[in-house]
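In the two complexes that follow, chain A is the common piece, with chain B as its partner first and chain C second.
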Partner chain A sequence: MAQVFNRRANTIARLSIFVGVPVVLLILISVWWYYTRSDWVRDVGPAHAVVQPGGGFSHQLHVGGLKMDCRYCHNSVEVSSSANIPSTETCMGCHSQVLHESPKLEFVRNSYVNEEPIQWNKVHDLPKFVYFNHSIHVAKGVGCSSCHGNIASMPVVYKTQALYMSWCLDCHRAPEQFLRPQSEIFNTTWTPPADQIEQGLKLKEEYGIRDSLQLTNCSICHR
Partner chain B sequence: MQTSQKINQPVVEKLDELLAPGQTYASVSAKIGDIVLYPVLKTPWGWIGGIAIAGLLLMLYLYSLATLFTVGIGIWGINVPVAWGFDIINFVWWIGIGHAGTLISAILLLFRQDWRTSINRAAEAMTIFAVACAGIYPLVHTGRPWLDYWFLPYPSTLGMWPQFRSPLEWDVFAISTYATVSVLFWFVGLIPDLATLRDRAQHPVAKFFYGALSLGWRGAAKHWQRYEVASLILAGLSTPLVLSVHSIISFDFAVSQLPGWHVTVFPPYFVAGAVYCGFAMVILLMIPIRKLFGLEGLITLKHFDVMSKVMLASGLIVTYGYFGEIFYAWYSASIYEYFLIVNRTVGPYAWSYWALIIFNVLIPQLLWFKRFRTNLPILLVISVAINIGMWFERWVIIVLSLHRDFLPSSWDVYNPSFYDWATFIGSFGLFFVLFFLFIRLLPMITIFEVRDLVHKTAHKAHDQKGH
Partner chain C sequence: MQLKVTSLRRTSIRVILLGILALVFSACHLDMYDQPNYKPLQASDFFADGASARRLVDGTVSRNGLKIDERTTGRVGGDPAGEYVSIEQTGVELGEALVARGQARYKIYCASCHGEKGNGKGIAAGPIGKGPLGLVVPSLFYVDEIKGKPVRGESFDLASAPDGYWFKVISQGVANPNYDPNKPPTPDNPRYTMGPYNHRIQDVNDRWAIIAYIREMQKNPPEK
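Take a look at the complex of A and B:
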């Protein structure tokens, strides 16, 4: 009676255990690692810029070129959890005088006349189970660019951070790495000085920022 | 086949025998192997009927789980003070049942108890299937089982590890270790028997199936030597698991501060309870299987007698635990502990406490008498009673402690919903479908160990003749 398995079966068995299993595991781990950490999957970077209605609004022009303060449009950033997306009236404050006949701004004027808000597209969409408050971060020395990047250089805004929870915790565990004086909050090109940790610890003291044990309490962000 | 017919003849059963007389190496291999190697079309009707009923229950189980995944845990009867209901009761009950298999396969192997040989394979299979049934409950009771990998400590983008100080996290490790070691131990023990089946099989598909699973076993001396070492190592790994798994599950309760849970006796009391209902389940499974497949020659009354003694001993430890709980409540001088005992005995769920005492404490006292230990119909009834009793024990611990919180304003009652019952009854479907597949596809008795027992028995008889 012929054998069911020939001699090669032993080699196949050894190969599958010592080569097959590690290779499959490696592939699975790599795919998972890429999927959870890749900027491409997480929509981060210039390739994932979020185009706005009308197609032409440029932060580079308004912030970089015209040197407008962030708070002119995002006017509740210091007092509210939401930084605020400007209403059409805010746009028309300038554009009733400036470029008031430009065809590019037709949709803004239509919105103003018809009293229908422009549906701006969200760039940073936080999950609903996260409580985030802009005002406390601004008040305690976290500048816009720490999270949003150098907006003044972006014609169309994109995310510079994937908003991982570990990224939030990096700062909540050691805020001194990122704190800046109040005068620098809205500076979009701020870079930490050489003695940032020293300065940061001093600022942490001045701002009265709590210790990391309290800052990393679950209910600080998940309420 | 002549030999197996000879065994099928009615024999006068003697109590002190682990094997009926007249067994030979060939008869053992034929008897056990033929159950598996029957042609598909000659499958016994009892088996087909059994798996059909179990399959229907499995459909009920899948239906209730599918509803759970699409609707959420709101379909269950749980509410705010009673946030753990059937899910955790059934989890603890099923995992407890598994413990008898591990005890039989590991501890009794280390203690060289020969009576384990005929029952250890089926008991280990029971362990694995019971752990599977148990493990599903905590996985689905999260409500979002597709996120259950969050239980595992892996380098995630959350920047957080699971809460290692929580007994619920210890459960993850306890149960996954238990499942892994049990499956490995079971499979390693199967290899020599799978090779026997490969050699006896006629059909090419069966040859391939058993041949692939037997991993090239040729029965060489080196194979046996490595096999003995491997099974001793696995027995050594399994032995602490018999104690640790249910101890850790008892910590889920004992580490909290709820009256009725915060008790130091919990770990040993849980382990004894697990062994208790596990052995009851082994007996419950073995009595019909022995009848259905004519295995009276291999699973004898002696086996049932010994298992009943283990049940009686573990049952007395559990009984001690019940008295202990009453004593601690009085000795603690805490009004909450005191209230708990009053509430258990005369409160709205008093019927369940007294059912527990009747099923777990009173009925098993019959096991003191050899008459009942070797009377299989009565033993079957006692085993069912113990399984019901141990289920009520978890019910009493979980529901009765939760439904009366410290604050009377949060008191409530717990009524299991249709889906609670469907998930519970359906889990028997999963268990029995797996068990029926097991007895059809794998040798339910360890062939080579029984052959070894034939050898030893023959030598003993030889010695007694005065040589």
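Take a look at the complex of A and C:
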């Protein structure tokens, strides 16, 4: 009786174990990583810039060029959970006179005259089971750019962080890596000094930041 | 008999598998991601104008403004027709801390137009001057530059305006004297020549801090 399997079957069998199994595993891990950990699936990076109505508001121009403070428009960032999106009246404070005929700003003028709110597009949309408060972070030494990146360089704003829970916890476990003095909070190009950990620990003490056990308590962020 | 046992086992395995599948898929619904409540400024499909943030009812008094007095209005006794007060009459704690706070707030909210040096030459002042009204942003720190500059509806000039008047300007802005309410508030018919800052500088103490800082700078203006 002839052999059912010829000699080559041995090689194929070995290949399927030593190559096939890892390849399948790799594919599975990649798929899992893509859907749970990757930046692409979370729309991070310039390729996923969020275009705003009327062609967009340029933070690069207003913050980078005109050196406006973040809080001119996001005025409740120090006192409220929400940083605030400015009302049309804030835009019109200048733009009723500046570039008053620009077609790009027509939607702003229409919003003001017709008293209809502009529908800006959200860049970061946290799930509603996450409690996040801007004011406490700003007050305790977390600067804008730690989460939002260098907004002053962005003509169209995009996410620089995927906002995974593990990313939140990285800081809640060891905030000294990221803390800055109050004078640098709104500096969009802040870079940590060489002795950041040392400085950070000092700031942590000054700000009276709780220990990591309390900061990683579930109910800190899930209320 | 043997056959029955096998099918029973098979059925029970199937039931368990189904249960696991049900558990896996039931965890996939997104109710908790998107709960039926509003985040600040979220769009609404309930209200006709599409905004979840509702306008304040006329006559609403903020919790910070419950007490109507010199500090919250800048006028004697909080009377809308009362005399303007000076900052000393408001009960705001004066001193270096207030001036420092005022400096920080000034840089955020005032410097774009009035300039970091208070000379009326902030980065937006030039473009504003080229607008349909040709507005001139006044100097704030250099008193000699605003001496004799009339203040509409008041007997004093801008250089000798009392603190309470400055408070009014920060809070309510400066109304455009030629505003026609029957026409839409387009760029050639704006409501204000300077917009109100009460909703941006919400804490009245911060407004007094800015005034304290301006007064300090008027005493000792920076080099031009």
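Convention: the second predicted complex is superposed on the first by the 200 of 223 C-alpha atoms of A that agree within 3 Å, B and C clash if a C-alpha of one lies under 4 Å from a C-alpha of the other, contacts with A are read in each partner's own complex, and residues count from 1 in each chain.
Please note the rule applied: a contact is a pair of C-beta atoms (placed from the backbone, for glycine too) under 8 Å apart; a residue touches a chain by one contact, two chains touch by 3 or more.
Since we're looking at a predicted model, the values are computed, not measured.
Of the two partner chains placed by the overlay, only chain C lies in contact with A:D69; chain B stays clear of it. In the superposition on chain A, A:S102 makes contact with neither chain B nor chain C. Once the two complexes are overlaid on the shared chain, A:T36 sits against chain B while remaining clear of chain C. Looking at the superposition, the partner that touches the larger set of chain A residues, chain B or chain C, turns out to be C.
Once the two complexes are laid over each other on the shared chain, residue contacts for A:S82 go to chain C alone; chain B is not touched. Applying the stated contact rule after C-alpha superposition, one finds that A:S153 touches neither chain B nor chain C. Applying the stated touch rule to the two superposed structures, the chain B and chain C interfaces on chain A have no residue in common. By the touch rule above, chain C contacts chain A in their complex via residues 32-35, 37, 39-41, 43, 49-51, 53, 107-109, 112-113, 123-124, 127-128, 130-133, 135, 184-188, 190, 194-195, 199-203. Residues 66-69, 71-72, 75-76, 79-82, 84-85, 87, 89-90, 92-94, 96-101, 109, 112-113, 116-117, 119, 127-129 of chain A are the ones touching chain C in the complex. Chain contact summary for the complex, chain B toward chain A: residues 156-160, 198, 204, 207-208, 211-212, 215-216.
Residue ranges on chain A touching chain B, taken from their complex, read 4-5, 9-10, 13, 36-37, 162, 164-170.
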